[in-house]
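Both complexes shown next keep chain A, but they swap its partner, so chain B is in the first and chain C is in the second.
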Partner chain A sequence: MYGYSGKILHVDLTTRKTWVESKPEEWYKIYIGGVSMASRLCWENIEVGCDPLSPGNPICIANGMFAGTPVPVGGKYGLASKSPLTGFIGDSLSSSWFTIALKRAGWDGIVIHGASDDWVYVFIDDDRVEFRDASQLLGLGTFQTEETIREELGDDQVRSATIGPAGEKLVRVASVTNDSRQAGRTGHGAVWGSKKLKALSVRGTHGVSVADPDALLQLSYDITQAAQGPHTQKYRILGTMANVLNLNRLGILPTRNYQQGVFEYAELISGEYLHEHYHVKTIACAQCPIACEQMSQVKDGPYAGAMTGIDYEPLYAVGSNCGVKDLRAAIKTIDICDRGGMDAMSTGVTISWAMETFERGIFTKEDFKCAKYPEGFEPNFGNAEAVVTLAEMIRDREGIGDLLAEGSKRASAQVDAERGTETWKWAMHIKGLETPGYDARGLKTFALGLAVGTRGACHNRTAAYDPDIKGEVDRFSVDETRGKLAKSTEEYAAVYDTLPLCKFIRRCFTGKADRAGAWPAIAKLINATTGWDFDYDAVDLIGERAFTIKKAFNIREGWTREDDHLPWRWMHEPMKEGPSAGYVVSEEELEYMKDLYYEAKGWTKDGLIPKEKLIALGMDDVAEEIGV
Partner chain B sequence: MPKVVVEFYGTARQVTGQKEVTIELKEGGTFRDVVRALAARYPKLVGDVIQPGGEELQMPNMFNVNARRVVHDLDTQPQDGDRILLMFVTAGG
Partner chain C sequence: MPTSTSKYQYITCDPTKCVGCQLCEYICSYVKTGEFNTYRSRIRTVRAEEILITAVACRTCEDAPCVIACPRDALSQDPNTGIIHVDANRCDGCAWCVEACDFGAISINPETKTAEICDMCEDLEDGPQCVKWCPKEALELTTPDRRAQRSRRKLAVEEVLGR
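On to the complex of A and B.
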């Protein structure tokens, strides 16, 4: 087989045993890699119905066929476990050197089972596996853990995926980090922490063989050339931070826990302002000719020295969404999250829930006592120091941070049970995963895409904002096209997440980002890598299969139609001001769109998958278990 | 004579050094005339934001009128007083 080794490595932390599984080529043609293969491995290896923080929940890593080849932006891997936030599939992507090392070590995927009694890190040295004591790494931040392991092993080519203090403390919004990139969402860090796994380190020394090296080199060269032009200028210059002013102007920039869609200080937290005042350099993932990550540093004030990469999604969460107008505090908060190993999006949105709960008089100053502020503090919206402090408290599970570390769904449920309140009405999550940086009341196709998302409220797993923002449909209303659009956009995104290729390359094949523009070129890349004969239709099926295996996983874990919901606020409180003023996504609109979506997918009215549908996708064993 | 305001974001703002500009159109002037006027006034927009030739926007830049609707046909006419947002939106990160 070209492009793959055909081997999956299994590592059992309980027994400290390892074994190798060989998969047939047909299996690879269906699940490909990235989030699809990682989710499939999770389907095969989980104890169904297990607690996500128990030994029965495996850590599943799947490489991509393009990792370690010249294909631009192909250095990504998928990570899947049952999410401790949602109880459903938690599939994330990360990129860069770690995935290349894994490929060069000769593994298409890794499955980590069980749980260790003592803190360990696992070192994969080509085909040798070592369980190493991690006690000296405890408490270290993510970046420092990676460096310390390199020093300990005496090899700067060793690449590690690590957790920070948050993962060690089973913070449910904890992430996994490698090469300063995060598999950020759905709480993977807590799963690793529950297994006492501090890091997975890899040294890979083999080459990667592909079917047609000359063709692959030429195709890659052409795409790389295109990636230097206007198709990627928006990513190269301001990165995703360009969104702040655009979304603010459209009235959909989440502000003060989504109470507003317009932030009066948006200019001060914009990409333009960041670039002028705090930007120090732009960096790239390995294998990437675009380089979108805006490294930013605070040079003065109480947070001087804080430095990390700033993207739009973490920034809205700890910025406008918490009423914070001081970019220095926002950079500091994201720095705490990145080093502490936490998803800054879920952290910020959980903090904004706490701020609103305080402003409504349910939490008081007393609730916010901590070592730094023994008398407590008042986390009103806009109190930047409160946001910084709360991020630290969540990371350390200190004081109220212990509650917030559970994420907004569990935290609100606990407060409501104890105090007889209804704080769940402003807990902004779907299936337990906190909402992203677009207020869906002004983007109704996107609202559907988020509601039906298998991993909860995720902007990366659906591209349904696209027709809304590009004006292909009226973003303020619903109609019969939305079911098909949600299907089409989620499966489009899933093709990229499965190969995986960074989506920012999508215009560089022919100038057009749509299927017609990209799929034939992607088919050529696949064929030159593997020797297969993929065409447009085969590429298109990658996305449908990826979404189907994730959905199947959720169904087996107890998913029902009611789980495809939206936060109460988006359905009952109209936007107050700006271009999206007056809009909600009503119950009737959502249920109508869900009907359309299930129909478009070929599922039942209850959202279940017919057996014949699964068999047609080549998933006969899945049909046996959950098909109807 | 209709007047419109073009608001600049992202690259367009960096290139022009301005947040917005007022453009006066001839009676019956179209969105394409707005593109032409921008290309003439800010030649550096041609390339990353406006296509060479100065007649079309460079994908994925777009005109959004009053934050309510996207312009699909540059040969249609704006209304007097329209605010035209020259923007792109990108997800991810």
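On to the complex of A and C.
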């Protein structure tokens, strides 16, 4: 087999035993890699119905066929566990050296079972596995943990995925970080923390072979060259931060906990402003010829010295969404999240819930006492220092940070139970995962895509904003096309997330990002790597299968149609101003679109998957368990 | 800080352009070993701190310390190109050359136990493959003299035009 070793490494933290599982080529042809293979490994290895923070929830890592080759942007891996935020599949992606080290060590995937009694880090040195004491790493930030392990092992090519202080304290919005990239969403850091696993370190010294290296080199060279042109200009220069002004113009830039869609200070937090004042260096993930990460540094004021890569999604969450107009405070907050090991999106949106709860008089200054402010503070929207402080308090579970560390769904439920309030109405999440940087009241196809998303409110797992924003459909109304569009855009995204390839390369194959423009080229890359004979249809099926295994996982964990919901605010409070003013997504609209979507997917009206559908996708054993 | 004393060409990296993607290492290891393995690359990317990134290969020093250090006379320097050649029959992988190199540009092949050093792809018509592949044009073949000329020109532009 080319492109794969055929081997999955199992590590049990309870018994400290390891074993190797061989998988047949047919299994790889169905699950491929990335989020699909990681989710499948989770399906195979979880104790069904377990608490996500119990030993029965496995950590599942899957790299891809392109890792360790010159295929541009192919150095990514999928990470899956049952999410402590949603109780459903938590599938995340990260990238760069860690996945390539894993590939060279000879592993297609890693499954970590059980839980350790003492803090440990696991060192995978090619085919040798070592359980190492992690007590000296406790409390260290993510980047510092990686460096300390490299020092300790004496090799700067050792790559580690780590958790920061937030993961150690089981903060539910905690992430897993490697090479300054995050498997950010759905709370993986808490799962690692529950197992007392501080880091997973890898040294891989073997070479990677492919079926047709000459063909693969030529294809890769051409894509690398195309990736320097206009197709990636947005990412190379402003990065995703170019979105701030675009989305503000459309009236969908989340502002003050989604009470508004237009931020009057958008210019001050724009990609253009960031680039001019704070940008210090553009860097790339390993194996990426685009380079989109805009490293930004605060040079003056109380947050001087803070530095991290700034992307749109973390920025809207801790910026406009908290009413913050000072980029220096936003960079500081994201720096705290990145080094502390937290998802800046969920952190920001949970903070904005707390700010609104304060402004409505339910929380008072007293609730915000902490070591830094013994008398408490007043977190009105726009109070930048309050956002910085709350991020630190969540990371350390200090004071009210202990409540907010649970994420907006649990925090609001707890407050409402204790105080008889209805703060859940402005808790902005779907299935427990906080909403992304697009207000869906002005993007109705996207609203459907988010509602039915298997990991909750995620802009990466559905590209349904595309037809809305491009004007291919009326973004303010619903019609019979939306079910098919939601299916088509989520499966499109899932092809990239499964191979996995970074979506920023999508226009570089032929200049056109649609299926016709990309799938034939991707089929050539797959075939040159593996020696298979994939065609357009085979590539297209990758996405449908990926979504199917994730959905099957959720069904087995108790998913019902009611779980495909939207935040109350988007369904009941019309947007107040701007180009999207007056719009909500009504109950009737949402249920109508869900019917259309389940029908387009070939599922039942209850959203369950028929046996024959699963068998047609090659998932006979899944059909046995959850098919109807 | 060690500097090259070379009159010869070598591969240099502009750290303001390098993004740390490692494509140079992929292509180098493939050209030299037939596999993709950055461990076996003769050019190495370095990320010293989060934003300090560059790549390093042999600087073809004059009176190369690695040649002098070799106890078995396995290394020799081509008088025309400055490229260091390794006689695999003599080299026993003792790594004295690795220690002698101020640039960290030499490594020992873990399987054959011989030294490996950048040869600027001298046997290939289109020259060093890392330079050809570098997506950000951060790598180039140059000499210290040419770098000095460029620095002078840059200085002139800055001082005269103030930009």
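Note that in this section the second predicted complex is superposed on the first by the 628 of 628 C-alpha atoms of A that agree within 3 Å, B and C clash if a C-alpha of one lies under 4 Å from a C-alpha of the other, contacts with A are read in each partner's own complex, and residues count from 1 in each chain.
Methods note: a contact is a pair of C-beta atoms (placed from the backbone, for glycine too) under 8 Å apart; a residue touches a chain by one contact, two chains touch by 3 or more.
Everything numeric here is computed off the predicted structure, so don't read it as measured data.
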| item | value |
| --- | --- |
| Contacts of A:Asn246 with chain B and chain C, given as first, second, both or neither | first |
| Which superposed partner A:Glu313 touches (first chain B, second chain C, both, neither) | first |
| Chain B versus chain C as contact partner of A:Ala199, first or second or both or neither | neither |
| Which superposed partner A:Lys503 touches (first chain B, second chain C, both, neither) | first |
| First, second, both or neither for A:Gln157, with chain B first and chain C second | second |
| Contact residues common to both interfaces of chain A (with chain B and with chain C) | none |
| Chain A to chain C touching residues, read off their complex | 68-70, 97, 100, 104, 143, 157, 180, 204-210, 213, 217, 221, 224-225, 227-228, 280-289, 291, 295, 307 |
| Chain B to chain A touching residues, read off their complex | 7, 9-11, 13-14, 47-48, 58-60, 62, 64, 66-72, 85, 87-93 |
| Residues of chain C touching chain A in the complex | 19-23, 26-27, 29-30, 33-40, 50-51, 53, 110, 133, 135-136 |
| Of all residues in chain A, those that touch chain B in their complex | 230-231, 233-235, 237-243, 245-247, 249-251, 271-272, 275, 292, 311-314, 459-460, 463, 465-466, 469-471, 503-504, 507, 511-513, 578-579 |
